[in-house]
Amino acid sequence: MKKIKKLGVFTSGGDAPGMNACIRAVVRTAIYEGLEVCGVYHGYQGMIDNTFIPMNSRSVSSIINLGGTILKSARSDDFRTKEGREIAYKNIREQGIDALVGIGGDGTFRGGQLISQEMGIPIICVPGTIDNDLFGSDYTIGYDTANNTVIEAIDKIRDTAMSHNRLFFVEVMGRDSGCIALHAGIAGGAEAILLPEKKTAIDELIETLEIAAKNNKTSTIVIVAEGENNGGAYNVAKRVKEKFDYYDTKVSILGHLQRGGSPSSFDRVLATRLGYAAVQELLKGNTQATVGMRGQKAVATPLSEALNSNTFKLDKELVKIAKVMAI
Amino acid sequence: MKKIKKLGVFTSGGDAPGMNACIRAVVRTAIYEGLEVCGVYHGYQGMIDNTFIPMNSRSVSSIINLGGTILKSARSDDFRTKEGREIAYKNIREQGIDALVGIGGDGTFRGGQLISQEMGIPIICVPGTIDNDLFGSDYTIGYDTANNTVIEAIDKIRDTAMSHNRLFFVEVMGRDSGCIALHAGIAGGAEAILLPEKKTAIDELIETLEIAAKNNKTSTIVIVAEGENNGGAYNVAKRVKEKFDYYDTKVSILGHLQRGGSPSSFDRVLATRLGYAAVQELLKGNTQATVGMRGQKAVATPLSEALNSNTFKLDKELVKIAKVMAI
Amino acid sequence: MKKIKKLGVFTSGGDAPGMNACIRAVVRTAIYEGLEVCGVYHGYQGMIDNTFIPMNSRSVSSIINLGGTILKSARSDDFRTKEGREIAYKNIREQGIDALVGIGGDGTFRGGQLISQEMGIPIICVPGTIDNDLFGSDYTIGYDTANNTVIEAIDKIRDTAMSHNRLFFVEVMGRDSGCIALHAGIAGGAEAILLPEKKTAIDELIETLEIAAKNNKTSTIVIVAEGENNGGAYNVAKRVKEKFDYYDTKVSILGHLQRGGSPSSFDRVLATRLGYAAVQELLKGNTQATVGMRGQKAVATPLSEALNSNTFKLDKELVKIAKVMAI
Amino acid sequence: MKKIKKLGVFTSGGDAPGMNACIRAVVRTAIYEGLEVCGVYHGYQGMIDNTFIPMNSRSVSSIINLGGTILKSARSDDFRTKEGREIAYKNIREQGIDALVGIGGDGTFRGGQLISQEMGIPIICVPGTIDNDLFGSDYTIGYDTANNTVIEAIDKIRDTAMSHNRLFFVEVMGRDSGCIALHAGIAGGAEAILLPEKKTAIDELIETLEIAAKNNKTSTIVIVAEGENNGGAYNVAKRVKEKFDYYDTKVSILGHLQRGGSPSSFDRVLATRLGYAAVQELLKGNTQATVGMRGQKAVATPLSEALNSNTFKLDKELVKIAKVMAI
């Protein structure tokens, strides 16, 4: 095992609040441990485009509270080609980088596995995505902040719902994962939650709404994950309206604002711990792994295991609780 | 002029943050001045449905920071009929109410004028709407809070925009009034703002976006008032995309969350001043008027003047400034 | 084992954000399971004062987002006396309450143990305190929100610190527990953190600050837990100033605002899960236990074990990480 | 009158949220009008230290939402000396700067007047301070944001106050000006407000608190401006406690967090308008003036008039309203 001297760090895929806190932790831990550090702009694409930048402790000053990522992110088609990757590897070698930390989602994990296998360079990946859909960590960086963003929106909507006895459909992120919809739905006190993992028939939803109306609910809010089976909040609202027009219905599509914002305390501490752990794992000789929190402990999981496991399934007890709470 | 002994207060039309602060101010000022106070639930409809409730100083405790309205609001078709209004007047008389304060938009103003003319009861209306589209006050209650809500959303979107070089379309409230779009657009640093008061051709918008791209703007955000001429953010995004696909485009529809939230300090002080002023105007013998702030002073304007004046036109200098700031 | 028919729920001790979400979960789960529910105002004191109130599903509508506790809280000297408790037990029996859920800190746990032992009534306690100093749950209800409140304050202070090269001392809650100080200190990017669990000499602190100054830190923020050994932020600031006046020093004492605020998504989901779990434990025949989250699972721990274990010690790795991050 | 070619912009004195939005507006308006722009770091001190930096439209990208000031601020003793100023003037001339915009409080105004008189260079000052204590503008930049910051703190405190029947003293900024205390006190629903402009005897305060207690107020919050006559919140609390211990009393000292935070929509629009107006005034040939909003209009006032007028006195009607609202 070669001693690591110079570490490269990058973010990739969809950005998530807390990525900057994680970059900061990686940079400062590496410097504390005597390594040189180099940032890569625009993820895998930046390796090809040669957008490397030397970083020191001050490069990451006052970024812990910023949303987005100072190293920017991008998806890279070039990196999918053998030719593209060859250029990337040449650039990495020329920079003298002998280990990598990549922050992002499953695409980042796959790319990291590929680099390490093809180049023989050690890499640790950190789970950064608002979707919480990765195996290997109870929580991914950005998920807690996104949940807070959604419930702030729901709280505001409830103010006006209470004043008018209206029915609101709020579309939240989650193409394949209903984690945000379920958690924020429970936290927001939603009457119904439509998830990608579980088909909901419109008639079933209407039945729920009729019961809520009978129970004198002054506000009725339905959370719709973008990937659920009825085509999103607009379509759900339209189809409900056709059969059940007791309420005046309104739609909000939160969209990408869920990816932004200053990270929550939880996400900043999580990002800091995982950034620290990523560097420590590299120094211990680990590679092709992801770091995550399991309960109160930072643990490493091989990328191959993380990528091949059934990712994070919905917590069935929570689905039950959501139903009980809506009475 | 008959001495007022018992005051009725109600909210009507679309709710707005700060309405509760205004109710509180009306109630406490009236009690301070020796009057009895009675709240009416659901605005004009509640007068017909006889949903009156006696209020004292404690009835409005700890509501200054709440969005929505504790007296709830509703639109009333019954009140548009002679028969409906007769019932309302009978109920008001039976309650011993001899003056009214109504908080709401132009519909509230019209209803108030009608009551006063038909019943001979004095009424003062307070401008409460997020749209800022009423004559007689520099600012309406709720407008400042709505602007803050929109810029928080824009700030979050910019985090992710900066990470990805994306183009975002954010739809904000404003069917006829571009006040929120213009102010929040300037405050959010938007590259372009589409207003109901001013036609924007898609080609003109694309030109602006092309210039922004050439100027190396890392984030491009377009604010779309719901009432602008191209059919809302989805349609604008689609049509831009067809001709200019340099950016990855994303859409957020904020919807009714703009009506909610805890009122800003500005709105709470405004609501408190105007609620206080409304009662003082009644005590001075004024009626069929609206109270508003003009600069630092609370002033009264006859409802007839407020309803017949050209409402609040867009500030042309601000439209110019929005353009200058987008360079 | 007697079948439970009527459940009493109360909050006790210092209030914490999320207590309302937990009350709501207890009430709705109990009703869902066919029980009657009764709330007790003012905790143990209310049992003596006979301030019981029947609750149904609507009693807890729209409280999930509210700070504080609708059942109010109080410390009770009367409950410490045999006579006081006898009155409480008589009142509980007269209400027909045959099981209890208490939400609060270690005082609540002790009181609950006593009631159950003396009265023979089953009780489950839920950990609700911003201090995170209870055994049996990774997180206590309110802790996450308090951390977010503190980092919002730190973020604001940093804005002005960056503009002026100033040194700020921020006093946060924690008489015996440094959890908030440590977590919020890491999340806020503090240069130094003074904890109750770990003596810090002023000279040692000054050395840290001198290094920060040499490293060209543009902002220097020191977090001071109220229970640390130098007598709080004012005293620390004064003593630092005497020996090291490079910076202009400023002090903030956050105080009780850390106990308030709308609960975070994390705290609402935690409170909901634990409230649900508390009722389920009672229905399973468990008593004299506390429910908590261990990783992703809700688990029960006997009150005797929770009260006799060394409570939640500071995570040593986090203390190390805080130091590394301050370079 | 010489045509202006190159504009210098700086911030000075205590920083305030919105200063960055104003810098951005000055820079972009100047560039739009064909001028070159140069920023000065650290205000008047930076003119002496020669810390000038050329700025273009991108230099001020994505700063509109940031608290603090990217140009940093400082108080300068050197600038008070003839020798210091001579160096500053030489540096300004060498930079080719032929007009200045300074953003800050009355110290900034005085310095600007001096520069213009001694150097013959035109200057316009923009009122930037959270204290709202300048003549020439209804509102100063940062004041609205500071009010929002204070009411968020008060709202959180009220949550816990309501749960416990406690008495809270919250110290807010305002050495000579009670504007924040009065406005935020009204907006926060405070029971009493202690102002620098108006002596309050402790006995008088206790009387108010006794009345509140008799009126069954569930929460009692007293706002204490730092400059009031009893020595700040700690001393007031102590002295009240000695004579009136009905409540459990708690103290918060908000401190410098009131200067930070992302500016509100109101402050961003205000800062943008005034930054724009400052450049327009210079182009029209105006000098030694401050720009401000009077109602809906941006107007210029000579610095001599602004500095010699009685600054912004407390609005007597608001003082009365604060009292009425506390019943």
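Residue numbering begins at 1 within each chain, and the chains themselves are lettered A, B, C and D in the order written.
Everything below uses one rule, namely that contacts are C-beta pairs under 8 Å (C-beta built on N, C-alpha and C of every residue); 3 or more make two chains touch, one makes a residue touch a chain.
The chain list, named the UniProt way, goes like this: A, B, C, D = ATP-dependent 6-phosphofructokinase.
For clarity, every value in this text was computed on a predicted model and none was experimentally measured.
Chemist: Give the fewest steps needed to get from subunit B to subunit C, where each step moves from one chain to a chain it touches.
Modeler: Steps on the shortest route: 2.
Chemist: Using the touch rule from the top, work out which pair, B-D or A-B, shares more C-beta pairs.
Modeler: Looking at contacts between chains, B-D has the larger number.
Chemist: Taking the mean of the C-alpha atoms as each chain's centre, how many Å separate subunit A from subunit D?
Modeler: 39
Chemist: Determine the centre-to-centre distance between subunit A and subunit B, using the mean Cα coordinates as centres, and give it in whole Å.
Modeler: 36
Chemist: How many Å are there between the centre of subunit B and the centre of subunit D, using C-alpha atoms for each centre?
Modeler: 28
Chemist: Quick check: what residues of subunit A touch more than one other chain, meaning two or more?
Modeler: Expected reply: 155, 158, 162.
Chemist: Assign the assembly's chain-to-chain touch graph to one of these shapes: line, ring, star, complete, other.
Modeler: ring
Chemist: What chain-chain pairs meet the touch criterion?
Modeler: Taking the chains two at a time, the touching pairs are A-B, A-C, B-D, C-D.
Chemist: Would you tell me which residues of subunit B are touching subunit A in their complex?
Modeler: Residues of subunit B touching subunit A: 11, 15, 17, 66-69, 72-74, 149, 153, 155-164, 166, 168, 250-261.
Chemist: Where on subunit A is subunit C touching in the complex?
Modeler: 21, 24-25, 28-29, 31-32, 57-58, 61-62, 64-65, 138, 144, 147-148, 150-151, 155, 158, 162, 183-184, 186-189, 215-219, 262, 264-266, 268-269, 272-273, 276, 294-296, 298, 315, 317-318, 321, 324-325, 327
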